[in-house]
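Note that the chains are named A, B and C in the order they appear, and that numbering of residues resets to 1 at the start of each chain.
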């Protein structure tokens, strides 16, 4: 019993903090944290001193004072009597909107260009290379300005629609394309259900009703499809369902629309401008096109790399099965390429979101133009406004990358 | 049997017949590449129509270009007298008049050789880093280049960069001396002593040497630097400075020390999550709040700092990609050899990881270089800033395509060259690894 | 490697700046250079010419101050600022004064802590429309699309004006004047609104200026003037009295042509006091006695500066209007040099 040797007592010496690998990392981290804290404290201290010296304070009360400026595109009610905070919200919604539609269109452009770049048609291939190289190698800001200028110059002014022999006319009598924007017919309801007031903004009850009915029809349609599959599995014959599904999808919404008194409000030239209808402003369209075409070029390269990463054997096997090139692409290549494509695509989407901050170049009133532009300028609260703006952009980016990463995980090849 | 008569036996090969005319040369190429099916034919025709239509529309504008005029109305007059009253044409005279500003900003004319030389030397300094077959000794020049480049562009006394360089030398010597005992202590001591040198010794030495041997170039202020030169300076210094920072961040992100890892991740995600323009606004609007009262240094320097932080986050991700691409065995081999962390990184991991990352680094650089145009929003006169300034003068008010085309073409040449180079590298590196 | 070079510069810049917080006048004298904030480009007010030399009305003010303080009108470092960065640049000491057609408003003076030293241009916001629109008054603009330069007081004035007159409008905010002009010419907006000086300058450069009219309404007061940081009264005095000297120079008939002659001594005591023939004023300002003489000699008196940059002989072609001397029905008036 007595010969059990107790392990040598581990005496802690100060030098072990540096030489002993067990403790060294702790030391390094502690020093690092102290330096970091000291740095942060230094910055905060400076800021307090500087603010004091300038006779300024740090508060966000300006968000509740009257903004006094107008914003042309607002998804929620807004006029110049509203607060800076609400103006910021309007800007934020504009930012999110442009980011969303640009991501969608950029994906379309990118996939088309990426696939066409591998086309066996020489002229198409070359054209796509020119497109991709031109947009990848020239700064986005120049493209935004150029596309804006092209659109302003190339589209007719509303005055061209006026007079006995107008030089321009509306498409199908319903859509007016001008250099102030594109005017579409708007949906109107003569027996509207009214709006629900949600505090910050209104929600149209008509829209909610339509969405609910639509969701219900889609659910029913799915049920029908599953039922047809079951029958097919059991009997080997798929029942004819196309007219049923068409009915299920269309009829309820149609009935609801008639019940609500749906009709279209057409834009018409009155006074200086087209009145009525929905206006997609030129700044919105120019920014949308510029962001989409620019990012499309990057996505095209990602798509091309993704397609080329799929081994030739896959397409040869598909051809051997007798699939046409288009079906080979849709059924064999793209689904596999998607897994290579998605991660870099996420960062392109993030880039679009961040690049929307260039909207000011065309006068699109996004977050940067409202909170980080006019509000900042009128109130002189640079510190507060910039910090808030950075925080918002950061939150948007983190949410997007979080959601996209979830999606990525769901389509990832399940290994082992 | 043997003497069966044959009518004719060919004793030599006939020359091959020429293939049918549809299978050779241009015709075959066109059949294969342009008209191989109805869909393809349609695509070809549509594309050809678009191209021809586009060129046809643009041609008069280009053909009527005017290169010598003093103002836009002047230009319009020349075009109208030369090509008829309704002719439209490009007025590249604005480029001819203002190209110096678009390229160099307000840099003094007589000193243009300096940025030019700095640019050429920069290419020479990059060469040994990118082309591995060049002699390794040239790397010393690359290390010296930042000081040479600084001196050439900003001018002033040569002893400033020299004594700044001396700080590195002193720090390095201290590190070497102490490295035997403990690398961490040595690194700390090296940094502290170098910092002390820059704070106290440097200006003294600079003054002393300048008094003894005044070698200097006329100094040029940052404010005078503009145009394309400004973009290049911001882009190049941003990317060079961000490289070491990016390496540290990438290592920090992979570190198993909790605090260091989380701070690295936090920093990288923060920078990648906000638009560059907000960081530039921080440089121009907020940095004054964060620094001690009364501090006020050059806006270009502030922009370079912010751009460096911005690029460092992207660089860290690129390098992390390079680290992830290394086979696990490399790390294990380094451990098996008994190398400590820094030695393993320096001798085994980083050389390989950086090599894999070079195309990514070049792409980051292209992106950053294009993003330098955003400095126009904080009032710096980069090429786009000059476009605005030129359009504001009464002579050139109302002109735009010509300036955008010129600046766009410059950016294109620069970035396209870089991207072609990065592709070449990618191909080269790929063969190395297979 | 480069890091430290920059850190070195940063450190030395910090040290230099750390020392510099005594008084702006001393700083300027010590630096031998006046840092003057101007616009990034506005015809007639400030823009670099093809030799890279800044030209314009605001620019000449900077030069006059430099001439008075440093004895050399060329010792000015022009710092281009945007509508957004201008106030920070001044507050942080990046520029010593701002001559950037900035409107004197209550909140800028009081809340943003600046001192406006005077008004060198009385402006007002106006509207420009194409003639063929057939509009003769701004009251007829209900429903119009209006191009505005963003980041200025213009947006607020516009909102107030249309609200007060119970009219609707569609704002098209534009970042720069050049961009706004292109939009307006292409018909993307019916109306272009900015300061009337800007409208006139813009209209002057159109291919067919006669097709456009500036409407008679002036919807706001835009007194433009140079400004400095609040709390440095000596420096504010210097800039204020340099700009007064320019106006008083015109009032007393001191021009760049006859200034040498007059400085030999006249029988008008006020001229003698300004030009330093009768010494005393320079010392009170902390300058030498020739300060005002140099300021006027640099680019001439107020009238000459106006005529050279904005006047009817320039492409901009503005008439003096409110900016005529008080003796000629305008508002330009200098307190007496006594």
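What we mean here is this: a residue touches a chain if its C-beta (ideal position, glycine included) is under 8 Å from a C-beta of that chain, and two chains touch if they have at least 3 such contacts.
Since we're looking at a predicted model, the values are computed, not measured.
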item: Shared interface partners, meaning chains that touch chain A and chain B; value: C
item: Pair sharing more residue contacts (C-beta pairs) when B-C is set against A-C; value: B-C
item: Distance from the mean Cα position of chain B to that of chain A, given in whole angstrom; value: 28
item: Whole-Å gap between the CA centroids of chain B and chain C; value: 39
item: Rounded Å distance between chain A and chain C, as computed from the means of their C-alpha atoms; value: 42
item: Multi-partner residues of chain B (each touching 2 or more other chains); value: 281, 285, 288, 291-293, 377, 400
item: Overlap residues in chain C, where contacts from two or more other chains coincide; value: 84, 88, 91, 182
item: Multi-partner residues of chain A (each touching 2 or more other chains); value: 145, 149, 360, 382
item: Of all residues in chain B, those that touch chain C in their complex; value: 72-73, 76, 97-98, 100-101, 105-106, 143, 146-147, 150, 160-161, 164, 167-168, 194, 198-199, 202-203, 221, 223, 237, 240-241, 244, 281, 284-285, 288, 291-299, 301, 304-305, 377-381, 385, 388-394, 397-398, 400
item: In the complex with chain A, residue positions of chain B that touch it; value: 29, 32-34, 36, 40, 43-44, 47-48, 50-51, 182, 184-185, 256-260, 263, 269-270, 272-278, 281-282, 285-286, 288-293, 366, 370-371, 373-374, 376-377, 384, 400-401, 404, 407-408, 411-412, 414-416, 419
item: Footprint of chain B on chain C - complex, ascending; value: 1-14, 17-18, 20-21, 39-44, 47-50, 52, 77-82, 84-85, 88-89, 91-94, 176-178, 181-182, 185, 201-202, 204-207, 314-316
item: Sites on chain C touched by chain A in the complex; value: 83-84, 87-88, 91, 107-108, 111-113, 132-133, 141-145, 150-152, 155-156, 158-160, 163, 169-175, 179, 182-183, 186-190
item: Chain A - residues contacting chain C, complex; value: 54-56, 68-72, 80, 145, 149, 152-153, 157-160, 179-180, 270-273, 275, 281-283, 360-361, 363, 365, 369, 373-374, 376-378, 380, 382
